[in-house]
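Down below are the structures I want you to see.
Paired with subunit B in one complex and with subunit C in the other, subunit A is shared by the two complexes that follow.
After this line comes the complex of A and B, so read on.
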């Protein structure tokens, strides 16, 4: 078991590294085939006021006078050693720009994930155990959550809680209460698929024969739920949580804009409009790392949570 | 209809069901059912699918889905009406008074918890709070049900145990709190015959030892008659007949009970024999049907020394170890064995779905090895398969006409009009009305579906039909209809059958010759009469002994003494 698990974990970790590298290469190629020579355009912009020497230095640093493949290898080599380059707009190190924005986004995304999980759990268990009519209403919540765009939720929450109830002010977007509402905005659409998976698997598990047999053994509904149903119905959701992280990364761009927060979303937005290639490359690669890492954790956890998962098959797959 | 009152007065009734009716919404599925079980007695509810037997069991256990089903009438346990009790007062009876053994042991235990963790729930019903004492009691009961290594079972997850072991675990968990009554819903129908016998023997013994009453739910009249003191025969939710087992079994008074009894294969080994002997005469008399094209003198199927090895988890498993058998034209050969015996692998090799590692397979005198795919495909056209479960072998989105036509389309046979004609003929041959062609499988019964599957096999006019447990998913009365049809088709079309089954009683009815397989080896083969009357190998003998009611049922006096002894 343990040697099988080690083999499985190493294989999965290796696969994860490959995925991150492929994501890096793909991003690099997509940015470099985009119309317009982004870097030289920016460098030659008289507003930057760069001297010819500066420009030569930068061109040499990125290998801009050499073929794309050389540029890619140069950039990839620096990425692997943790060197992310400099922003073309501000000349600041990319690591500093990202490092400044990261805590705010991490706070937002983490709290949104927790809130989404709480929402999903409450909805799913309500759908299972509330009396008939209420259960039907609760069951329709996920599709409602999915159909309302992120920015509408954000604007409604700001209008109602900031402007009417004065729960928070939009001028201090990093206050705990403002962060909470931003996280709720981000969490609502993300909680919907999670709730749907939970509802479906709870429905499925509670109809299994083992649930019936456990009931015949005199277990109360509460005990049946806690001892028999929670774990098997949570298993499909673990993979779902990992996928949701991707949505959180994407959704944070919009949410940060609406709430006026400075985070990775804002950095991305500026980098895209300003054709700031090194920043864009760094942020996309970091997102890939986060996404792959979370999925790796979910993958490694599943054989520990579910004794039925056969490692040999998983390694072969 | 209750059991006769004299019986009931002899000992106090443990369970009394009076005028029980159950409805799902407006649809009534059980009508006014009454019976009673005395202390220490066993009673079997028999019926086919849809007879309401499982619904009655669930109503007694109060496990019917809330809000969907309504039960009216009286179900009294020790004189207390359990249907009227509030849940709070009924729950203490669960497990302690009323035990439940479910049908499919593989799905009856939580897959992500160990056996031990689940057994503690049952042990808790004894009122024991000390976990070490509980563990000792659990290990004791696991040993009592015949599990060889209780400590290992205790730490195992359900998927690590076989079906037979799981059913022993479930029985152990049910008897652990010493209930007064056990409701067993088809406790062995998912198991191999030899395992079934061991489990039923063990259950009978435990019951006597611990003085537990049994309500056995089954579709198998032979098992019911062998294991229960009295029988209640159900059809469409109503009691047809009830009384002491030997009476109902030996002299059924209603038509339905009579037909059920007539459909038990073990009791009528020669049921299809006469039809088959006429077939042979017809053949010998030279009046063969035109379907038989080239009368080759050799066997239609000839499998010689076929070997197939699978590697699973680093270990090599010999699924077929030098398997040989041959079948003459127009005859039926049976492959018999339990799960893991290699019978399915042998069939897959014959059909060309797997390649053998060694040996040779000849179909109509032509070897299938070392040939091109196209050639093998052409040979396979003469070999068709009827699969075990008609509920999964038919595409639910296709209409029957298209399902039956598919092999013709595959092999590009004839024009569109000719294909339609052949589909009509095939449906007619299996006794289905032509309007079935426009229906989807969901609108057909199990028996009708299997007829569709047979029509699909026949439509390309094969010489050989492989029947892989063709009736194991069907009720006995439906099974009889399908076997009659197969026997008629063989007679009319001169078909050669390879019949794969675990049910020896059935094999005896339909086959001319048998190969008994065990762990990839043919342990015994020969003409069916030979094998049944003079089995040589101990495994064959064990299989034969496992057939319920292999001998004539016990005579009434013996039955009565048995009932008294248990009371």
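After this line comes the complex of A and C, so read on.
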């Protein structure tokens, strides 16, 4: 078992590294589809105020006067040593730009994740235990959440809580209350798939014989839920954690734009409008790293959490 | 005690018998089809639904509140917001359709190839799909659209590419499921070849779940394309894609209907599409 697990873990880790490298290459190729002179156009944009020397240095650094394959190898080689290059707009190191923006996005994403979990558990509990008609309404909440675009949620929350109730002001986006509402905006679409999985597995678990036995021995529904149903129902959602991370990273672009927060999402937006390829490349490949790493941890944890998960199947798949 | 025991079972029996007697789909599903039909008509014959122009307005009546004449009010140039929404439907909905088609066709080919051929091709394509999944979908779409240029059709292509992976996964799973079924093996024994198995057995079996995913993906694509348009990555004004309408409406705090009307249209459309997808999945 343990040597089996070791082999399983090594295979998975190896695959993860390969996927990250390929994701880097894919992103690079997509970004360099850009018409050839775009980069030098960006560089020569007088708005950025780069001197001719700066430009020469950047062209040499990225190998912009050489074929794409050389640029790719240069860039990939730097990425492997943790070097992310310089922004074409501000000439600052990309690692500094990302580092400055990261805390804000981490706060937002972590709060959003917590809120999403609370929403999902409350919805799933309601769907399971409210009387018939109410349960049906609660069951339709996730599909409603999935149909509302992120930016609409954000605008409605701002309109109502900032402009009408004055709970927070949009001029101070980093205040706790403003952060809370930004996190709710990001949490709503994330909570929907989570709630759906929880509802489905609660339905399944509460029909199992052990649940019937517990009920027949007089255990109340609330105790049954807390003591027996939560753990097995939560397991399938561990597998979703990677999907959720992707959703949080993607959603932060919109949420941060609406609430005027300075985070990774805003960095992406500025890089896109300013055609700042190195920044875009770095953020996208770093999110692939995060995504793959979270996925790897979830994969490695699931056989430990649930002995019923078969290793062989997972390695083969 | 027995009451508790039997509760869920009784409830299940109740819904089961209801399903047997009902000939028509549920009311919500019929309503959803009506909404989708209306949206399709909006995109095909917008002029039939409004006499106002979506590009020229009467500046004398700018930023007017919703009224009998202007259902969704007017914008800062006095243009009828309802007309802007109706005329913006074609590009909002068509681009979502293009996105689904790209995801469906490319994803299915990848899924079929890797499920059918197996071996090294399966490993290579499998890693490719892993890579597509590793980049968060919305970020991937943003990168692709920024590389192709800010146009609605490019936003559609970007959305389509980010949907390739899910279709490929589903198609591969369907092929694997059906490929080893006894009746498919039997058809090989009778001298059928792979193409015959593909057309005769695998596609008809996969069709249902792929259709459910395609409808669901249609709703998701409307959302993603609206988000890209909201960020300004689609066609620039005077185009009136739904997402763009919301984005330009949000500047006018005193005229909230400019945001709410197109937002509501997006929500109701996607809700209807998702409802239809869920109904199709259950009807399976």
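Following the convention adopted for this analysis, the second predicted complex is superposed on the first by the 291 of 317 C-alpha atoms of A that agree within 3 Å, B and C clash if a C-alpha of one lies under 4 Å from a C-alpha of the other, contacts with A are read in each partner's own complex, and residues count from 1 in each chain.
As a working rule, contacts are C-beta pairs under 8 Å (C-beta built on N, C-alpha and C of every residue); 3 or more make two chains touch, one makes a residue touch a chain.
No experiment lies behind these values; they were computed from the predicted model shown.
In the superposition on chain A, A:296 makes contact with neither subunit B nor subunit C. When both complexes are overlaid on chain A, the residue A:27 reaches subunit C alone and has no touch with subunit B. By the touch criterion defined above, A:132 lies against subunit B and subunit C together after alignment on the C-alpha atoms of chain A. Once the two complexes are laid over each other on the shared chain, residue contacts for A:155 go to subunit C alone; subunit B is not touched. Touch criterion met: A:214 reaches subunit B, while subunit C stays clear of it. In the superposition on chain A, A:178 contacts neither subunit B nor subunit C. Using the contact criterion defined above for the overlaid structures, shared-chain residue A:272 touches subunit C, although it does not reach subunit B.
Once chain A of one complex is fitted onto chain A of the other, the partner contacts of A:251 are limited to subunit C, with no touch recorded for subunit B.
Put subunit B and subunit C next to each other and count what each touches on subunit A; the higher total goes to C. Subunit A residues 132, 212, 215-216, 218 lie at the interface with subunit B in one structure and with subunit C in the other.
The residues of subunit C lying in touch with subunit A in their complex are 1, 4-5, 8, 11, 127-128, 130-132, 134-140, 142-144, 146-148, 219, 223, 226-227, 230-233, 243, 246-247, 250, 253, 256, 259, 263, 266-267, 270-271, 274-275, 278.
Subunit B meets subunit A in the complex at residues 61, 63, 67, 91-96, 98-100, 102-104, 107-113, 118, 121-122, 125, 157, 159, 170, 173, 313. Against subunit B, in their complex, subunit A makes its touches with residues 132, 208-210, 212-220, 227-228, 231-232, 235, 305-308, 312. Across the interface of their complex, subunit C is touched by residues 15, 18-20, 22-23, 26-27, 30-31, 33-34, 132, 143-144, 146-152, 155-156, 159, 163, 206-207, 212, 215-216, 218, 221, 245-247, 249-251, 253-254, 257, 268-269, 272-273, 275, 280, 283-284, 287-288, 291-292, 295 of subunit A.
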